[in-house]
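Just below sit the structures, each encoded as structure tokens.
Look for chain A in each of the two complexes below; its partner is chain B in the first and chain C in the second.
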Partner chain A sequence: MRKKIETLGILCLLILFIMAILYPALNIISVSLRSDDAFQTRSLTLWTDESSFKSYFTLFLETKFLTWMKNSFIVSFVVTLTGVVLASTSGYALSRFNFIGKKAVLFSILMTQMFPATMLLLPFFILLAKFELINSYIGLIIIYSSTALPFCVWQMKGYYDTVPPELEESARMDGCTRFSAFTKIILPVSVPALVITALFSFMASWSEYVVASIVLQDPELYTLPLGLKSFQASLATQWGLYAAGAVVVSIPVTILFIFLSRFLVSGLTIGSVKG
Partner chain B sequence: MKNIIKILQYIFRSLIVTKNIVFLISIFIFFGCQSSNEITINIWHQMLYENRKALREVCDKYEESHTGININLIYRETEELRSNFQSAALGGSGPELIYGPSDQVGPFAIMGIIKPLDDLFSLSYFDQFLSNAVVKFDKKRWMVGDGVGNHLMLIYNKNMVSSPPKDTDELIQLGKSLTKDLDDDGVIDQFGLVWNFTEPFFYVPWIGGFGDWFIDESGKPHLDTESNENAFAFIKSLRDKHKIIPKECDYETANALFKTERAAMIINGDWSWGDYMGKVDFGIAKLPRISVTGELPTPIVSTKGYSINAHTKGEKLHHTVDLMKYLTSPEVQLHYVRRLNTQPSSLAALDHPEVQSNVLLKQNADIIKNGKPMPVVPELRAIWDALRGEYQSVLAGTKEPHSAAIESQRKAEEQIKTMNLVVQPGSQGKFIKGLLGLIIVGIILVLWKTKEKFLFAFRENKFAYLMILPAFAGIMIVVLFPFVYNLIISLSNFSLRTFKNWDLIGFYHFGTVLSDIRFYSVLGKTIIWTLINVSFHVSLGVFLAVLINRTLPAKKTLRTLLIIPWALPQYIAALTWRGMFNQEYGSINLILNKFFNMSPVQWLSQPIEAFSACIITNIWLGFPFMMVVALGGLQSIPKEMYEASQVDGASRWQQFCKITIPMIKPVMLPAIILGTVWTFNNINVVWLVSNGGEPSDLTHILVSYVYKAAFNLYRYGYAAALSMIIFIILSAFMVSFMRKTKLEAIV
Partner chain C sequence: MSGVTLKSIYKSFGAQTILKNISLEVNSGEFMVVVGPSGCGKSTLLRIIAGLESIENGDVYIDGHKKNKDDPSKREVAMVFQNYALYPTMTVYENLAFSQRIRKRSKSEIQERVMESAKKLRIDDLLDRKPKELSGGQRQRVALGRALVRKPKVFLFDEPLSNLDAKLRQEMRFEIKKLHSQLNTTMIYVTHDQTEAMTMADRICLMNDGVIEQVGTPQEMYNNPVNTYVSRFIGMPPINLIEGEINIEGDQAIFVSDELKIFLKNERIREKLSRNSQKIILGVRPQDLHDNYFSEIKDIKNTITATVDFVENLGSTAIVHTHKGNTQISGSIKSETSIKPGDSIDLIIDVNSLHFFNQATNERVNF
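Right after this comes the complex of A and B.
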């Protein structure tokens, strides 16, 4: 009984909190449904007599939204894949081995995050122009991967640190190679950390605008944030379209999270150590 | 041995997957653009949505009649267009044609990134236009406009205003009768007049009405005048004494109020007509005469037009010139008149019966007559900047008009001085060059010496090294060059006047930064910003993760709803919050008023409130990330640990402190360190919510300060030095944080 009341209390608390959290999001949705193309709303009635899905129709039928979406999927998919593969391997090495330069590696990858990104744009552009990577996804993917990796590597390392080393030691006793001990024993119990790495890498590329705006200069190659930004002008933004686009852009992220969060369950029990 | 082969196979396999995709993409790209003998001309522009469509139409027509020519149009928002073009031009590329407002001519011409047009076109070509459509700077012609205007006027709702006010007395009277609280709830529902009055561009016409102008013939600021003082006081009285305009009113708010018929009049530019057509039955008129002086306010009239990239050469230049002639021709301008009601710049188009019979354009031409041309000197930005700060202080009530007028002049002069300052390389410059050379030699020597040791270590630990190498190399390749580049720039005199021939000068900029008292106040704010944000992110994140990790009904739905702030694009979320903080119409004040009976807070025009608004927005944006990380970390805790401790009689709180915290620490600490760094360097939220540091540049954190120095005042060297200092501060933080949390021991 006591437990039930507790659960109910927590539930109420969470729902109240979520309501407060969702308020701004609902605001965006209501703008996307309004016909006057104005940004400020005073009432929070989502649906008025003048509301319509017009912005959504325009978005899909009159703009290149689907092309942008496809482009964004390609870029984000490759970045996520690179992030997961590279972070899981290098995080493992950094967690389990002691070697010269380990500290330097760990510190220096963190330090790459400390320089204000705005000042890196100009040299990025010069570099990419030199290697003729302007208007190519390769340049974009390399930059995205390398900005997402520092966090992912550290995060994977941190998770591996909590996995007892006895796990792969016993596997090695049973004749596993170092590598197969890693892939067969450690990776499966580290799925929660892999999920976070994947989600983070995906997000780093899915909604990135600033770098994309200097690398991609052909409208056919635009990613979603670039496309969305084209509805925005300093004194005349297409608010209806822009808000509708923002709502649609956040749907794949939400779906990805729903899908990935199934794996956000404990993969580790003391039992697996003993076994 | 076997191990290594397997790893290599594994790495190769993963590489091949990536490579294939990359390969396919590159094929796709190359087929997209490389067909034989075709010439592509790129145009970067900042045209509004409808204008872009019209531009595409005329370009399609041109492509039809000129086979082999492709026109590629790229839209960028005005400020970004400017900074991206600067970067591109410095990198030796960029579009052939750039279309934008005339005030970009000054800086671009000084930087040498656009071509003078005098040798490319004949004099008779320039003679076809109104004189203010051909933009001159430093005795040369640099831009030709395809229309004139972009000027402010009074736009009124015909259903509410029968005839527009002639002078300010009438305006105030009319405004008072139209500003109403319709439902008697103490909140005003309808305003007489709205406009983006806090922005200098929307303010300076009034200075003209009081007699003077804000800039003199030679491009020097002219702000310490009685006219400026009177204009300050006038706007303030409209708001505080006569109460005919809202207390807080940025462009979006004003526009929304007018479009939804909650404001009778708006001061806005010709670009907004398209937006109002079909929504409001509107009329246009001159800004009302100032009753005291009997003079008309003088809106700024400018042109938007095309300039040619300095890198354009050979045959391409020839085609570019031809295309530019077409895009400014009467034929194209008449198309714009039909589609968008733009005021033509071509004399032939102006004489055309279609233009002559257009009532709106006729009225507009009359309004333009009272305008003053937009100055194109680069100093304009420094003047705007100085004026904006002081003007907003007057509006916030922290300064008197008189002292603000004097102070704005002083600040403008000071900023112009720093903007135009070129520090000559002296002996320190040579010393730095020598030092850099020595460092490079030193690094090579050290690498050579430790080669043996390193190779030995590598052989010992091949497995580990090979696993790290791809990620590490990738990160370093991307970051190393930009970092070194910035290091060098920070030691140089790279600025507006030395865009193409900068030289090393030594630690000058570091000295300037560290001896500036403003740096320390901004640093203080940045630290407060970071501390509050990160502590909320982490505590909220962990708290929610622990709650949501229990067995709960509808757990999955709740979990998904909680990450929505992360899923939404940051840009629009920040702007939504800005709208919610509006004094009169924002939902936050409405809620505070309704449930807590609080009087409306001026969130966006008072320094502390505005800074709090930024923090609240960023907390909302950032906690889901920490929650997800904590949620992942919680999964590494075996359930048995809790069960065992429960048997031992541990309370919930003890369990949390003794089990949960230590167990998620290894996962949380990197997220906290990086979260701190990201928050410290998060420019988006502050920039968007406070609209670039408003009020009066008092809501800056270090990065937005860097951004402003680099892109507003073209002080690249200074901005790079400031960035290096940020880098050093954050690195020091990281090291000490790791010591404190004993993370180093785990490393």
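Right after this comes the complex of A and C.
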């Protein structure tokens, strides 16, 4: 009996948590389907008699949403690619090679994570301004990459530390160079870590607002968060459009996560060495 | 077929020197076992031959060619690792074929080589499986097969059987020896297990603390150990080493320690002894001690009465661990014995098979 009450209690708690997570998402979907003047309604009904996809049509046909989406894709894709390539190679070097200053490098990478991003805005802005990279994709990509990389490098290094070095030694004996042993043997077993790196880099750039608002000033170059914010005017906000945009923005991340999650499996190295 | 020659190899990790002036000649087609305790540098030596470790000094020759700076891929040696090191994302077939694909051999040639090796090791029914679906013994066979496919000039084995259970280890020992006799390729095998060394080796290289103590056939190592270290390492159970001195009384050479008095047979001792007395370490293998109760040959003068501490029954023989005063003595005797701890046992020493070592240098003294 006591066990049943315990289970029931846990279930209730979990349902509460799920509701807390789902409510904002459902609410935003609900708002995206209503007209702007129905924003304040307290009803949680998703589809009412007045509901329509008008906001979505307006979003795609009458705003620059597609341009912002393209911009976001370009920036996020390059940041993800940069993150995966640089973190996978530098993490490997930090895991496998001993060199003078290795500890200092690792520590300084960790140190960069201790400063809040907003604190770095001014130095970043000055740097980009000097290189004339304000109002450009490259400027944004450099900042996103440099803020996402430290975490990615550390977590790739941590993963490589768990991969037995005998694997690449064996590959080298089999005829691989150090680099081909890395690409042919180590990278395939490091897929879960690479997926985390890719997801982290993508998410860090896809939904980022503060840095983008400093670097990008031309609406043609806006990324999605900046574009969405532009629906918010000082006197009136187009909540329907805003919500519809938010829903669409979340779709690529969701798809990416569902697609990549099947690679997030543990124990890829099982069987390679004596367990 | 090709041999391996190491000349004055030095290797350090930081301030610690791991290998000190190692020179070794492994003949073409020979099965050389490098044996020694953990941390003696034997695996490092193997990795140096493989090209996985650099050297500070010295030369490595494989098939007569200097290979000091060559990449592992260019040395034409194959290595079987202690922990298998199979590629986990590949099937057994892909594991075996990997080295051949890197060398861009034709599909048919790869298939032929893989099947030939797989059949030899009886893993041809496992080719579609991933390493995680294999047992320890099967994984070890795949690791062997991967080396075999390459048809290398030299095989290197880094304690390949240490992760297997005793029965499987014995089976694999036989497999590897059989493989060697079939291929007749040079094999260098590293182990810490003296039984493996004794049963598999054409020659043994015994290492200790970064130096080679002795190189020789198993029989040479067992019968003529060059020092107390070798005598202790080779032979199971370990040799009894007893400190004492040899005195000449009339025509008789006698070994005397605190508790023992052994009448030596060797007439040359008297001729060789510079003084009438010499401090010595006497080595008696447990196999050269016989239970007086069962022994057909009796030697009253050289029979020790000792107290049994405990008995290890191994089936065909039993090892009795005894003491006489402060001297510990182990004997390998017939297992029919009903002797128990606390009992007295009369052990006859076979004076024809004694070993003598200098007390100051621990080096062998040949009388």
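Going forward, the second predicted complex is superposed on the first by the 240 of 275 C-alpha atoms of A that agree within 3 Å, B and C clash if a C-alpha of one lies under 4 Å from a C-alpha of the other, contacts with A are read in each partner's own complex, and residues count from 1 in each chain.
Simple rule for what comes next: contacts are C-beta pairs under 8 Å (C-beta built on N, C-alpha and C of every residue); 3 or more make two chains touch, one makes a residue touch a chain.
This one's a predicted model, so the numbers in the text were calculated from it and none came from an experiment.
With chain A as the common reference for superposition, the partners chain B and chain C occupy compatible, non-clashing space.
Touched residues of chain A were counted for both chain B and chain C, and B has more of them.
In the superposed model, A:166 lies in contact with chain C only, and not with chain B.
Touch criterion met: A:176 reaches chain C, while chain B stays clear of it. In the superposed model, A:94 lies in contact with chain B only, and not with chain C. After overlaying the two complexes on the shared chain, residue contacts for A:185 are found with chain C alone; chain B is out of touch. Superposition on the common chain A brings chain B within a closest Cα-Cα distance of 7 Å of chain C.
In the superposition on chain A, the residues of chain A contacting both chain B and chain C are 177, 180, 267-271. Within the complex formed with chain A, the chain C residues making contact are 50-52, 71-73, 77-79, 81-89, 98-99, 102-103, 130-134, 136, 139, 146, 150, 163. Residues 164, 166-167, 169-177, 180, 185, 188-189, 267-274 of chain A touch chain C in their complex.
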